[in-house]
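The two complexes that follow have chain A in common; it is paired with chain B in the first and with chain C in the second.
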Partner chain A sequence: MIGEIQRFTRAKGKSLAVGALALLAAAQALASNPPTSQVNTTGLRVTDTEVYVGQLHSATGTMAISETGSIQAEQLAIEQINASGGVLGRQIKIIQEDGASDWPTFAEKAKKLLVNDRVAAVFGCWTSASRKAVLPIFEKENGLLYYPTFYEGLEQSKNVIYTGQEATQQIIAGLDWIAKEKGAKTFYLVGSDYIWPRTSNKIARKHIENVLKGTVVGEEYYPLGHTQFGSLINKIKLKKPDVIYSIVVGGSNVAWWKQLKAAGITADKQTILTISVTEDEVLGIGGENVEGFYSAMKYFQSLDNENNKKFVAAFKAKYGPNAVIGDVTQAAYLGPWLWKAAVEKAGSFDVDKVVAASPGIELTTAPEGYVKIHPNHHLWSKTRIGVWQRNGQAKVIFESDLIEPDPFPKGYQ
Partner chain B sequence: MTISKGMQWSRAELASVLILAAVILIVLPLALDIFRLNLVGKYLTYAFVAVGLVLCWGYGGILSLGQGVFFGLGGYCIAMFLKLEASDPESTKIQSTPGIPDFMDWNQLTELPAFWVPFKSFTWALIAMLLVPGVLAAIVGFAMFKRRVGGVYFAIITQAIAAILTILIIGQQGYTGGVNGITDLRTLHGWDIRTDSAKYILYYVNAALLIGAVIGVRYILKSKLGKLLIALRDKEERVRFSGYDVASFKVFMFVLAALLSAIGGAMFTLQVGFMSPSFVGIVPSIEMVIFTAVGGRMSLVGAVYGSLLVNWAKTFFSESFPELWLLFMGGLFIAVVMYFPNGLAGIVDQFMKKRAAARAAAPTPPLVTEPVAPAVGALSPADATASPAPQPLADQQVRA
Partner chain C sequence: MEGISISEFGSILMMQGFNGLSVFSVLLLMALGLAIIFGQMGVINMAHGEFLTIGAYTTFVFSYLTQTYFPSLMSTYFLFAIVGAFIFAGLVGLLVEWLLIRHLYKRPLDSLLATWGLSLIMQQIFRSTFGAKEVSATLPDWLMGSWQPTDTIDIPLNGLFVMGLTIVLTCLVGLFMYRSRLGLKMRATTQNRVMAGAVGINTAMVDRMTFVLGCGIAGVAGAAFTTIGSTGPTSGSLYIVDAFLTVVFGGAQSLLGTLASAFTIAQTNSTLEFFMTGSMAKVITLLSIIAILMMRPEGLFSIKVRK
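So, the complex of A and B:
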């Protein structure tokens, strides 16, 4: 009764030369391919020439705007890997599923990818809610998920590699910088009302009070999609904090930053540090509305290094000159590369072996510079402070050392 | 026509239920692997809601756009029990406060809220699963129907309740899990609900309950009570002047539909392994009305097929066309509304009528002929698949 039609996303717009190169590389690799029986002992969908992976993001619904960048970055990475000979001599085929911004749908599709399609790895999810919905399935079916979003931490699974930053990496370096640079002592914490902003602010508050010896003069949350920030802005004007620490998420951002500007709160009078605004959000908010404010991220499109220049050029060549790349998009791009490195180190597609090989995997070609997988499955990474420009790009003005990921920070819970 | 005769089941009715039972209990489990069967099990939990809607919307004329509320409450009650079982101090020792659900720990709660404590008992969870939605439906029903609020106003109010409950659940995330919902449910009294064998057992329990619900509701519809419900829908004033307490009958129907939804929600939680506010809101509530409309809102078995078909189409289209599937779904609904206003059951109904007409026109009619539906009159619920065409929706909404 239920048919099975799968849609394989094929690499699009590949130039003839690249195609020929890929063919050549594939032919070369084929000669020395390890046999399938050796690299796949758990019944994954791997043949002598192909390996199937899943991609599970929201292509429709409210999250589609955010997740499209991740979909594109993962497909770009896979296309590049295929062009350079694939993984263990096998071309990567993508089975794309739509989570439709709906957490139960994510769970259903995750199960389909793991049970029916037997994919070797899944690149997917964006919101914490969708990750929480699929996590039990990945653990039960022993799948492997590469999760790209910076998130609240407090999680560590054998079956997930977190390619974004966990909360402490993003928060502590940012707060240290602003305390030192701006001499900030009083902070006003603002966030959308769900798990990530609340947990992040919990960590921020502990750090401000215990380490920076500052004070939190206000902490407020508004529902996702909230657009009336007038009363909050009045409160902020009354308290006159040195820094507004903002974790307002998604569509609310547009109203929040525009209303700040309308109320006369501009960068020359007020310092604002946010961990929820990337190039993607600025596209919607408008560069003129965030000009001069700070974001703490591990990646900005404007990063000045060779890896990033190549990445940005390839991304724009594939998706158009106006495409912007935010933090999560870059983290999503790392997923397939980290998987390839782990598979090749393990010499196998078997999830257990790939997981065992993952800690210690380094990527010197990452657009953000250098990353390394920690035994806790998060990445060692740097945190940067960017100051927003009118053109929607950030100027990077600070770069931390490589920060160890710590999803269960002591003293911050 | 006497009551006793009305309570007997016609051959067509019996056949429709038997075929449904055969499809759900035998054909699907044989034809599908466990992954697909588990999906069908999920679809069938929505069918409980659809069956409830046939009762209160199709027959009772009460259109509720908030059935997701009851589905969600039933599901949350069971999810709370399962979550507490999954949050034993051993498996949550990494938390600041071990022994409470993980989302409470993230939200800086240090002890289990009082209203969660009774959910350590499975018996209480089962009682609450029916009690909470039932009482809520009764309160809403009494408040509305005693004041003779009905039709489109009632529909709007049920929708408002769905919106309110969603906001409440998302806003109180320390107590409810917020937008993430209650996830990572593992065992029921130590029985791992994630294994294949558990999935089979839960599927059959679900299917048996559903068939029981269909039979039970049909029994009610064929009783004197059922006739009264139809009379209510068609001429409420006349029933009221005959001395019946109209509001109480409506409350009864609404509560019954709510209880069916709650059972569906509970079975959903068990089979899918989590519950989230995305089943409570306005969109899923309206989707459930669509399942009923596609199946045929006057047909109990039709509602089950409607839930299966729409959800199967959703899965199929979204797997095949991840970026375009919503358009296909929209097309499907438009087609149904334009060409089959009585849903799947309407198509079967037309086919049966044609056959009956052909038989009547034959020169030598068979010795025993069943009365054709129109002859029975508008008050007869006698044959769900061959019932009189329901009144247009507009009629029902103008009334009240």
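So, the complex of A and C:
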């Protein structure tokens, strides 16, 4: 008992000293920072020196392949924001939760972050399935989610800012380019069998048939995780399309490209345009297997501008010289910066005020160049065409104008 | 189908025929190790896919080391990687049998759960060791691209390689099971464990060797699959359903059954895929297998076993 009291006093003495220091720091901070009672009227976890945000991705399970890059990029952005003085003078603290590639787990962790931790914003999700799982919770608890992945569109929520491209932005610019550049008239659409490839191909088909006046000579879907594409490749050879339009994802992706190469389908004989291959995927596929084929993305690691050079250098300094950066990784990096800009414009962490301040927010420091938040919560962005090289990097050969996001495209549904 | 000449159509039919055989080799290769473990020991090894992954990562490590230290050997490293995959997967198998499986021989349902847990643990070990992202072993040039006997025919070289490897491996396993001393002991233990023990066979040792052999073969399959598929923490699990399907459909205790079932499933699926969409082909294949299994629960081939 006596020991305990002694320990207690000693601890108290120490904590008093720390407390005094903290008070001093707080007093200094308060001199310049708006008081917490003013910037946080809804009970979020904000103190005079700190603000808590959540991070909700799959660090384990099958989706860890894709989501690791997003986790890293968001942490890098937050580290940089903190180094430059934080948000409204407050350092950002991350509460990281693991969605474990399991959609109910995502929902449960989202609830924990919003209800127990009262975080001011969440950076997270990757698949549409995980976003759909957390969406009702974000709407009910009035949270704020920054979602990084390019996706099928057909969604708009007050509580979500979509930092990746919606389908029409990515698809239409790419198809226009290939039709003009290659004189393509016939297309063979291939995809993995779930919502994103199916919705995207639906948009692609409408655009090919109604706008480009071309023909879709085949449209095929294979189960996620399918590993044998021999029959499909023979069917494609039978139809001789000008362009193969590919949205194969996940474990199938590697098998698909390796088997195309093995079947003698190389870039000098066949044009392939894909919207599901970024630098991350090429790591697994191998540059020699996609050499000469095209991807339509808003970002490539090789983009030649000052913002991107700084971003790539910082990313490699933190995660090693061999780290690669794909489209979604860059989009994830935008999340914390967009949030900071909106909070500062609103002068408040309150979700309603941040949401209201978001439309019109511009980011001129984005690695992809320039982005701006549209009133529909998606980003204005450019679409680029990259041609893959043996070393796993893409050479950017085309860049569109800034494209308006249109998550509910008329004439494409 | 305009713009296609008769000879081109013939070429495509030929390539499609080859594709069926190629899928058959892949199925057989992925199921062989499982067939040995499940058929001979009755252990349902849910971690089979992860032993494939061990083989794939072994190939990746060999490729990486060769490229860094002996770049001149790049054209031949793959053969060593296959042997390495067999040894390494076998050693892990030995450890797993000693730590886990041998305690569960009398509880097949528990072994199912235990090996499933093992598969999750192994996946996370791969993820922590090699990172969550997929990796890619650099393949020697002679394994890439296609062989063109005529202008319009492309035969995938990796398909030919997998086919050759499958034939060699199946023959070796066949010889081992039916011509060697240890093979004889294995079959004796499968048919009547108590009697085999009574005539002086060390059944515990036979079990261990069987498990190691099955895992080793899974490792070889994993190494071979780096030529046609992905190498990542969960790559092996892509094959597990098809592998079980092949073994169960063939009749668990018969190597010949596995062979026949791999051939039937591959040809059916490959042909159907040519005439309808991939998802539909899969549905019809699975439905037919279920229908046949309802009529013949023991699978295509079954041998009488004393229970």
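Brief remarks follow.
Throughout what follows, the second predicted complex is superposed on the first by the 383 of 413 C-alpha atoms of A that agree within 3 Å, B and C clash if a C-alpha of one lies under 4 Å from a C-alpha of the other, contacts with A are read in each partner's own complex, and residues count from 1 in each chain.
In this text, a residue touches a chain if its C-beta (ideal position, glycine included) is under 8 Å from a C-beta of that chain, and two chains touch if they have at least 3 such contacts.
Note that this is a predicted model, so its numbers are computed, not measured.
In the superposition on chain A, A:D193 contacts both chain B and chain C. By the touch criterion defined above, A:P375 lies against neither chain B nor chain C after alignment on the C-alpha atoms of chain A.
Looking at the shared chain after the overlay, A:G284 reaches chain C, while chain B stays out of its contact range. In the superposition on chain A, contact of A:K202 is made with chain B only, not with chain C.
Look at A:G360: by the touch rule set out above, it reaches neither chain B nor chain C. Judged by the touch definition given at the top, the superposed model places A:T105 against chain B, while chain C stays out of reach. With the contact threshold set out at the top, residues 59-60, 193, 223 of chain A are in contact with chain B in one structure and with chain C in the other. Against chain C, the residues of chain A that register as touching in their complex are 59-60, 62, 64-65, 67-69, 193, 220-223, 225-228, 230-232, 234-235, 237-240, 251, 253-255, 258-259, 261-266, 280-281, 283-286, 288. The touching residues of chain B, counted against chain A in their complex, run 28, 31-33, 35-36, 38-39, 42, 94, 96, 102-103, 106-108, 167, 170-171, 173, 178-181, 183-186, 194, 272-274, 276, 278-279, 312, 315-316, 318-323, 325-326. If you check the complex, the residues on chain C that touch chain A are 1, 3-4, 9, 12, 15-16, 18-19, 22-23, 26, 124, 127, 131-136, 138-139, 144-146, 148, 154, 156-159, 227-235, 238-239, 269-271, 273-274, 277-279, 281-282. Within the complex formed with chain B, the chain A residues making contact are 1-7, 59-60, 96-98, 100, 102-105, 107-109, 111-112, 115-116, 128-129, 132-133, 135-136, 140, 152, 154, 193-195, 198-199, 202, 223-224, 408, 413.
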